[in-house]
Amino acid sequence: MHMVKRLEIIASSREMHKILEPLDEAKLHYSIIRDVIGKSSWGEVSDDSDFASTTLSNIYILSFCTEQQVQPVLERIRPVLNKFGGVCYLSDATEIQSLK
Amino acid sequence: MNSSLILSNVLNPPILFFFIGLAAVFLKSDLEIPQPIPKLFSLYLLFAIGFKGGHELHESGLTPEIAVTLLAAIIVAAVVPIYSFFILRLKLDIYNSAAIAATYGSISAVTFVTASTFLTRLNVEFGGHMVAALALMESPAIIVGLLLVRIFANRRAADDSTPDGSAPDGSAPDGSTPKAAFSWSEVLRESFLNGSVFLLMGSLLVGLVTRDQGWKSLQPFTGEMFYGILTFFLLDMGLVAARRFQDLRKGGSFLIGFSILMPVVNALIGIWIAALIQMSAGNALLFTVLCASASYIAVPAAMRMTVPEANPSLYISMALALTFPFNIIIGIPVYFQIIQHFWR
Amino acid sequence: MNSSLILSNVLNPPILFFFIGLAAVFLKSDLEIPQPIPKLFSLYLLFAIGFKGGHELHESGLTPEIAVTLLAAIIVAAVVPIYSFFILRLKLDIYNSAAIAATYGSISAVTFVTASTFLTRLNVEFGGHMVAALALMESPAIIVGLLLVRIFANRRAADDSTPDGSAPDGSAPDGSTPKAAFSWSEVLRESFLNGSVFLLMGSLLVGLVTRDQGWKSLQPFTGEMFYGILTFFLLDMGLVAARRFQDLRKGGSFLIGFSILMPVVNALIGIWIAALIQMSAGNALLFTVLCASASYIAVPAAMRMTVPEANPSLYISMALALTFPFNIIIGIPVYFQIIQHFWR
Amino acid sequence: MHMVKRLEIIASSREMHKILEPLDEAKLHYSIIRDVIGKSSWGEVSDDSDFASTTLSNIYILSFCTEQQVQPVLERIRPVLNKFGGVCYLSDATEIQSLK
Amino acid sequence: MHMVKRLEIIASSREMHKILEPLDEAKLHYSIIRDVIGKSSWGEVSDDSDFASTTLSNIYILSFCTEQQVQPVLERIRPVLNKFGGVCYLSDATEIQSLK
Amino acid sequence: MNSSLILSNVLNPPILFFFIGLAAVFLKSDLEIPQPIPKLFSLYLLFAIGFKGGHELHESGLTPEIAVTLLAAIIVAAVVPIYSFFILRLKLDIYNSAAIAATYGSISAVTFVTASTFLTRLNVEFGGHMVAALALMESPAIIVGLLLVRIFANRRAADDSTPDGSAPDGSAPDGSTPKAAFSWSEVLRESFLNGSVFLLMGSLLVGLVTRDQGWKSLQPFTGEMFYGILTFFLLDMGLVAARRFQDLRKGGSFLIGFSILMPVVNALIGIWIAALIQMSAGNALLFTVLCASASYIAVPAAMRMTVPEANPSLYISMALALTFPFNIIIGIPVYFQIIQHFWR
């Protein structure tokens, strides 16, 4: 059992690859929940007008990682979120060591 | 004007189901068609109209009349966003003006399809190459929209030269739009390789090269199911349009007026061009409808990526909650009456 | 009793696929049909039966016989929940009794459809107005169910006059059901504007006003696909019914008995009414099946909102895991043999 | 970077609008994950019998907000959750300021 | 309002029943988000090749429970995660008592 | 070799749409077909081919020729994984070798279906019992794959006798594979009750016992729609195959070589057996294709549960990104030319 950081990012699915790139390069592990809708100062995000291959809904990215891993990733994600929108939060968690 | 054509247009399953969708939302029914069912239907429609258009284009070949029509289509798609942009700039910022302008330069495949079932019902013929026109009209509008942003938002963009515009320690970044956003490769990809455009073009191509045997085997799926799936899809469009209607009221009367008047203006220009290049009445209606309709599929997706500063709920809602219903309910029969009047 | 009719009923793709679904769960196969595929199928079925019924109703017109049938349908839907409620009160609380009672007053569209394919197979005719009866039977049961709660849970409700029944600082609130929950507008909306009822009614209306051309264009979709999609859907119903079966065992033998005996009683009442108002044999079977079947679509959705105190897994499981299979496998052929016996 | 509250609500999708109303009025931003299933003292919630437009599955609402924003919202959500079921939890997180 | 533990498990949907068993036996309440994709040292998990009834995507299980409830559950989940993969994290949260 | 047959194979909607899917990914279009649409299509395909095969098997009855074919199918499915395993062990560990071996012993229903539309186009007949062969070939390969793990990973498994292999206080467990994982009931369930196998078998059974009336009612759904849905599905397969292609490059040239050469070897063995037991040319092609194809549906699902140590992205990618495209584009016409050459 050791302490880790819990990184949460919510952004438009169209920016998914831009956001995952820094995570991949930092070799973070992560999970993605798709088809997330929401509301923010930019207005409502829904998927009811996502016709054809258009997808305008959000994704929720969750990654448990160490404090050291997270810092460089944040620096690289920030400009993407600034430009295209999206939010990012950190909190604490304890890893139940599975010792694979 | 003869109102019986409007009535006969309305009294058909697709339009009636559109009304049922509207009614469900206005009466607060909990009727809902969850994703990806609407996606399945619209992928199907793009697949089927592309394939059908390609097959018919193969049968007709590329005549000079067709070439002229396609050229006209591309020009309209490129020019409409330009004058739309300047009208919109009266009230809106550069980003939203450009995005809405692109929306109205581009087209709505479902409006097109509704017009073609309208013609089929009246036994009026039309050419498969109109689908090619449809496919060709998505991309130019996207490109012109982005050019407009590039030109008119130039100064702002020039300031933002840091490719990664944030201070390293979390201190105030400048909220900038790095120039990288205008990488032409990304813009061209969004215009020509946008999923909807790509599927439509691809299906058209398959329809072109596939021989009669392939065509016949697909006919039960792409032909006979078509009307039913269109009808079902319009039920969903009604639900979505009604929900979007609320967004629009916030947009104010300028945008509401634009959503109705712009299609009419574009339709009249379309009829004029159709007359000029002597299209048949059927083709003229389809061309008119392409000019009059606005995109709520390809353009929003492209704009979200390339003009993230614009508000998607504005341009999607205008195209979906006003222009689309106006065109399929009133526009199509009225445009056709005007055409019939002049074509005689 | 002639068992060959039961066998010939079972040896058909829809029922057989229902069994395959059951078998998959009982044998612990991982076969699964994820949402929204079952939703797509059931929306399709409502769309298709509504449209077909409306079209046939248009052809027949509103005869006195039809009016009487529709009236009888509404009365049955309103009366069944009343006596069911008192039977259920022997063992259950007010909320669950009312919810289950409403479930059995209402109908199952898929049972109806299975009965109509049964008749088609036997070349027995039936009228399109039976779909109207189906549509009319969803709502009254919901309203009566809520009235029962309102009347019998009156005292409790009277105590709970705080519209926002919780203490402000998290100290013990009273778990109350504020009266606001009985706002009639909400109840009526849930009964008549429930998504399934609304789609069915809407499709019926479109079928009524649409002309032959619209009907013919939809025929490949709503007509020819129907049997296949029903078959596929019954595979899913089998999967769900088998999973729900476990829930039911917890409910005890009273509820299991009710789930089988109630439909039989209601069917006999249905046959008696059908004889009284001299329906044809085909219509009589459909009417009987409407009386005997229980809702697992509209009623659960309405009850979740308006009687949240009831346990959905009870009423959904009873309707789905016992009454539904009983009706489609044994009920339909047996009811029809009784009808044939008396109608001769 | 500043501390925020992480508000999580899980409830039936049929009460979505009732729950979102107070959030909207308090001008909270939020994200919604749909088609959530679960188990509680009320029994199992699954979506396998969600036919037609019936939806009986749960939604998960996630909102990052300040301590002040959250209190009045809690007061208004509580009666809805008490009546129709649903749970609500608060925890701490750090906002990665995007400084839009 | 009292403190609870927030238990999060991410694993392949094919192990769902194996993981839920201990939770059910400990009478935990929980919510499940399906169709989660992700990346870890085992590689990428996506659902694009989930044809027919195959489901190879992940699920995300969330359970708020007391510290005492969680310990025995962890012991039983660990071997499943060790064998089939999957991760498990604990953090803190405050229950907004709904006092049903 | 006559290349016109390859060209005529390619110039058909299903294959062309497969290419469009490939192109969409390679050109970075955002075209996507989200779940559960592909699931819906593949459930449909299993449902339709099972039902069709069962119906035809009912018409033909169980002749000795059919019995021999089915026996040969089972034997091939059991033997292919064995020699594949030893080839793969040259470069890979036990777990991945066994999983990939099972993948190649099993079959791909879509490859089979593509071959059958190829034959239909050429007006070559084939028997419904080939679907039974298809259904019978999924399970043996899974079982043999697991037996291989059991035998060769024996010593490791022997060490891991703690059924719950972790230290109680979180201190270093041994990452063990408890013997329980080899419970035969689970293995047999995964092989025979795997969702895809179960649906296919179930549909076959329904097709067998259902009478002509049921068959005819389902024909518009399972028959006429088939080609269209296959075409649409192949679009998605193209998207997925192209995305998986990247995974494969990491796997190195050994695996790439295996993915192409193994099907060819298995095809030649298939042709030889088909000649030996004197199948007709049509049946011979289908049998060959069964031998040559690799599973990306049933086997991956089973392996994930029973050999979790193997890397799914390896065996899925090989089957999907190389073997599948190779078989449907080049394999089918080439195998058929070889067959035509020898059958004359």
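Should a chain be cited, it is by its letter among A, B, C, D, E and F, assigned in written order, with residues numbered from 1 in that chain.
Please note the rule applied: a contact is a pair of C-beta atoms (placed from the backbone, for glycine too) under 8 Å apart; a residue touches a chain by one contact, two chains touch by 3 or more.
Keep in mind it's a predicted model, so treat the numbers as computed, not measured.
Comparing the chain pairs C-E and A-B, the larger number of C-beta pairs in contact belongs to A-B.
By the residue-number overlap criterion, the interface of chain D with chain E counts as different, with under half of its numbers used by both chains. Centre-to-centre spacing of chain E and chain F amounts to 32 Å, using the average Cα coordinate of each chain. Distance from the chain B centre to the chain F centre is 41 Å, each centre being the mean of its Cα atoms. Rounded to whole angstrom units, the spacing between the C-alpha centres of chain B and chain E is 44.
Across the assembly, chain B contributes residues 30-36, 39-40, 43, 170, 173, 175, 194-195, 199, 220, 224-225, 301 that each touch 2 or more other chains.
In chain A, the positions touching at least two other chains are 14, 33, 35, 53, 55, 78, 82, 85, 91-92, 96, 99-100. Of all possible chain pairings, those that touch are A-B, A-D, A-E, A-F, B-C, B-D, B-F, C-D, C-E, C-F, D-E, E-F.
Looking at the complex, you find that chain C touches chain D at residues 35, 38-39, 42-43, 46, 164-166, 168, 170, 173, 175-178, 181, 194-196, 199, 239-240, 243-244, 247, 296-298, 300-301, 304-305, 308, 311-313, 316, 320. Chain contact summary for the complex, chain D toward chain E: residues 8, 10, 33, 35-41, 58, 60, 74, 78, 81-82, 85-92. Chain C contributes residues 11-13, 16-17, 20, 23-24, 27-37, 40, 117, 121, 220, 224-225, 227-229, 231-232, 235 to its touches with chain F in the complex. Residues 35-36, 39-40, 43-44, 47, 51, 189, 193-195, 198-199, 202-203, 205-206, 209-211, 213-214, 217-218, 220-222, 224-225, 301 of chain B are the ones touching chain F in the complex.
For chain A in complex with chain B, the touching residues are 12, 14, 35, 42-44, 47-56, 75-76, 78-79, 82-85.
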